[in-house]
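Same chain, two partners: chain A is paired with chain B first, then with chain C.
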Partner chain A sequence: MHIELRDVGDVRVVALTGDLDGKSAPAAQEQLLPLIPPSGSVLLDLSGVDYMSSAGLRMMLLVYRHAQSVSSRIALVGLSEDIQDTMSATGFLDFFVLSDSVDAGVQALAAP
Partner chain B sequence: MDVLEVPGVLESLQPIADFVKEASAEAGLERREAYRLRLAVDEIATNVVLYGYERSGQTGLLRIAKNLDSERLTLCLEDTSPPYDPTAQAPPSDLSESLESRPIGGLGVFLTIQGVDDFRYEYVEGHNRNYFTVRRPAAV
Partner chain C sequence: MTASQARRVPAPVRRPSPGPVSGRIDSYPTHRHGDYGLRAGKPFPFGATLVPGGVNFSVFSSAATSVTLVIFEKGASQPTVEIPFPEAFRIGAVYSMTVFGLDVETVEYGYRMDGPFDPVRGHRFDPTRILMDPYARVIGGRDVWGMQPDWGDPYQHRARIAFDDFDWEDDRPLEVPTTDLVVYEAHVRGFTRHPSSGVKAPGTFAALKEKIPYLQELGINCLELMPVYEFDEFENSRTAPGTGEWLCNYWGYSTVGFFAPKAGFAATGRLGMQVDELKTLVKALHKAGIEVMLDVVFNHTAEGNEQGPYISFRGLDNKTYYMLTPEGYYFNFSGTGNTLNCNNPVVRNVVLDCLRYWAAEYHIDGFRFDLAAILGRDASGAPLSNPPLLETLAHDPVLARCKLVAEAWDAGGLYQVGSFPAYGRWAEWNGKYRDTVRRFLKGEPGQVGELATRMLGSPDLYTGRGTAASVNFVTAHDGFTLADLFAYDEKHNEANGEDNRDGANDNDSWNHGVEGPTDDPAINALRARQVRNAFVLLLTSQGIPMIVMGDEIGRTQLGNNNMYCHDNELAWLDWTLADRNADLLRFVRELVAFRAAHPVLRGSEHVSGNDADGDGLPDASFHGMAAWEPDWSPDSRVLGLLRSGSAEDRTPDVVYLALNAHWETHGFQLPQLPGGLSWHVFANTSVPAPGDVHAVGEEPRLDEQSHALVGARSALVLVGR
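Let's turn to the complex of A and B:
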């Protein structure tokens, strides 16, 4: 799992690359949580993630809770059709803002 | 390759996934069905490693075999960790419940059962056996 970080204006864009499975998700989660800016905005770019198991869902759930607890706003971009299926079947999709592109996500999060 | 045997550790998830992908391609499964089958097998294999072997302090193998006929593909995942029947697990809590308050867990087996046409479990002579079956697309 590779994690890349850049700040676009006030929005932190975090791009993940690799599979999120029982092996990689716990490590990704550990790296990801401290990157969520308190009282800020984070756009999680998953366009480099082709696979997400329930271990990845668990990571998403903890990222969501962490963002809530530090009053950060979070949005997702680049979800594959398969990952959207999984997140929809498990009731995860409704709790995240989805964006069609990084630019759109940054704009959505930057809006007051 | 009809059978793959790997150590029951998390590092083996990738070779197992590769085996499943290859079997799916050979069976001519659509992308979505192939993904769901990989997910189903991966979830059970992860549980075997984390809860079957690691938690019980045992080591052992994961063995996956494929059986392809004209109508369906069946994969059998086998291990020698303590008996664990995924089909006996309680279903996950309310899936519409907020991510804030719902319990973590229970989703893996749900995704497994939901992801294949038939899922069966048996415990035979010290072996857990999980069978994943998907129908092949109708021949054109």
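Let's turn to the complex of A and C:
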């Protein structure tokens, strides 16, 4: 799992690359949580993630719950159709704001 | 802010513990087996449970001499490792062990049990078999419906480990008052598998979720799902002679694992996420105001008789789990080869643990027990007067608000409709309601008196138990569809490959002149009317009405009354029927709404015949062609049923049903209404659509208030307002 970080205005864009499964999810979580700024906005770019297992989805929800606990907002962009279907069927999608593109996501999160 | 309005505060996220040192003492292994750290486990709970750093495995066998945990990588035919339970890890007859360092997402596990093979004494241990954990919460091996498994695999149904950490937010079981329920019985796959369903993943829990708006518009508030516990669609599967069709275990009344949802019903089953998918469906249904009732099959298992496979129970503790004859063969009260030994204390606890698990972990609102009379038999098959299992379930704290519904008979001849041991909690599928309504609508003589009783919640059967003890139905998955009930005299089960011998012969059905489909407009009109008559009776009767998937849009099975083995377009719901039979769908929707609008139809107590609200009309009264003069004679085929009570706002709630199952039109003198009220027509099945039904509150006033004509084989529903 590879993680890249850039700030676009007040929005932090975090791009994940690689599979998110039971082997990679714990490390990804260790890396991701400190990147979430309190009372900030984070756009998770998942266009580089081809596969997300049950453990990967749980990691995502933990990240969301963490963001909520530090009053941060979080949105997702770049989900493959497969992952989006899986997240929809298993209810994980209901927790997230989805954006069609990084720009749209940044805009949505930047809006007050 | 009151407590009930308390806002849900997100829990702080705890960082994963950096290592075992800061964790619990028992997160250290004390033993080793190869690469795996071990520790004596905890006997409770049974099954595989996530604990800090590892997985706790716990399994019971009263007579095993040794037990081995067998670990696989997901899908592998050969085990990764086999770890015998050290003798020191056994407490009583429970073997428990914590194994550290497993990747819980990719592990599958089973057990090998050694012990005596001595069928006469009930033992059938075979250490060459790998056995599934009866408490497995996820089961692999049939991950995608109908996909050919590897038959050479020694372990067909593979226990996996579940994350029981679903985020329910504020959801919990809905606790809809029992008398307000309108049940809709559906097959998960059949509901959306048809190409016309227009969903993304046909035949799955996720697809069912997409169709919730349809159920909401219909107005039902309880979805009863045919078996969703893991079963094997390949059990007894075969190719039909002649047609070459694949016949399979489509219905699923044969459980492989009681704690696991059917993977093949989940769009995400190939990813092992069926637990989350089913929970997501339940949560979404609850948001839509719809309860979820599961059809549960505790009377037998998928292991069949002595010729059947070793899946789990047979090899773990045959003598405990099955009812055995003195010679060691399997009693067959279920008609499927074996009978679960439900009143053995251990098995009783399995059933209780299972139902608690579904109620607590899946927020299931109620259970319908298949062939429930078996649950009241003792180990030798004799009916018990005070069956401990039924009593336990009735008084269980976790299940305290769950609906418990019994199919109060079994294949061994025990028929307990009206006498099922209820403990103030159990309701029953009222088979007598079904039979009476069918006979009345057919025009059989001598039915009017019994019909009146059935429509008032069967007080003859359920004295002291209230009206909600009676689940009323005209059709169920088992038998004809409603459209077929009025289109066939005989069952037509040839496609099942048993020369039409299977399925019930006593259907009280009638084809109205031609067997099966016809172009005769008069016959088709009459059948359509009969379907509406049946819905009128069902939805205006006291008790809990149950509708079968598709009956509201005229679904046919072409006369097959036992579709258990067909996974084809005849078994699936054809959604184009919703357009083709839009008039019927509208009729049923309005009737469901009518029931909701008239509390007098939903009273929890049986009627008294007294005028409790002082409006001059008793709560129920019987009439004939002359008001206040019911005709109970054997040749009578007419009944007027007047219901009178009060709505919540204390305004009068008066409904009159004029039912005519005779082949001629009859004039009914109408009972006189108390001052200020006049008769309005809600439904008249002898009038073609759209005049057959009116929206609640928009019923037109009858011009003639003292008489009404009720057409041949028709039902007239009036409201006084």
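We adopt the following convention: the second predicted complex is superposed on the first by the 112 of 112 C-alpha atoms of A that agree within 3 Å, B and C clash if a C-alpha of one lies under 4 Å from a C-alpha of the other, contacts with A are read in each partner's own complex, and residues count from 1 in each chain.
Here is the rule we go by: a residue touches a chain if its C-beta (ideal position, glycine included) is under 8 Å from a C-beta of that chain, and two chains touch if they have at least 3 such contacts.
Every value quoted in this text rests on a predicted model; they were computed, and no experiment measured them.
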| item | value |
| --- | --- |
| Overlay on chain A: chain C relative to chain B, clash or fit | clash |
| Chain B versus chain C as contact partner of A:Glu30, first or second or both or neither | second |
| Which superposed partner A:Asp85 touches (first chain B, second chain C, both, neither) | both |
| Partner chain in contact with A:Asp21 - chain B first, chain C second, else both or neither | both |
| Touching partner for A:Ala55 - first (chain B), second (chain C), both, neither | both |
| Chain B versus chain C as contact partner of A:His66, first or second or both or neither | second |
| Common interface residues of chain A - those touching chain B in one complex and chain C in the other | 21-23, 53-55, 57-58, 61-62, 65, 68, 85-86, 89-92, 95 |
| Complex contact set, residues of chain C against chain A | 10-13, 15-16, 103-106, 163, 165-167, 200-201, 204-206, 209, 266-268, 271-273, 276-277, 279-280, 283-284 |
| In the complex, chain B residues that touch chain A | 10-11, 13-14, 17, 31-32, 35-36, 38-39, 42-43, 46, 49-50, 92, 95-100, 102, 104-105, 107-108, 110-111, 114 |
| Contacting residues of chain A [partner chain C, same complex] | 21-23, 26, 29-30, 33, 53-55, 57-58, 61-62, 65-66, 68-69, 85-86, 88-92, 95 |
| Chain B-touching residues of chain A, taken from the complex the two chains share | 19, 21-23, 51, 53-55, 57-58, 61-62, 64-65, 68, 81-82, 85-86, 89-92, 94-95 |
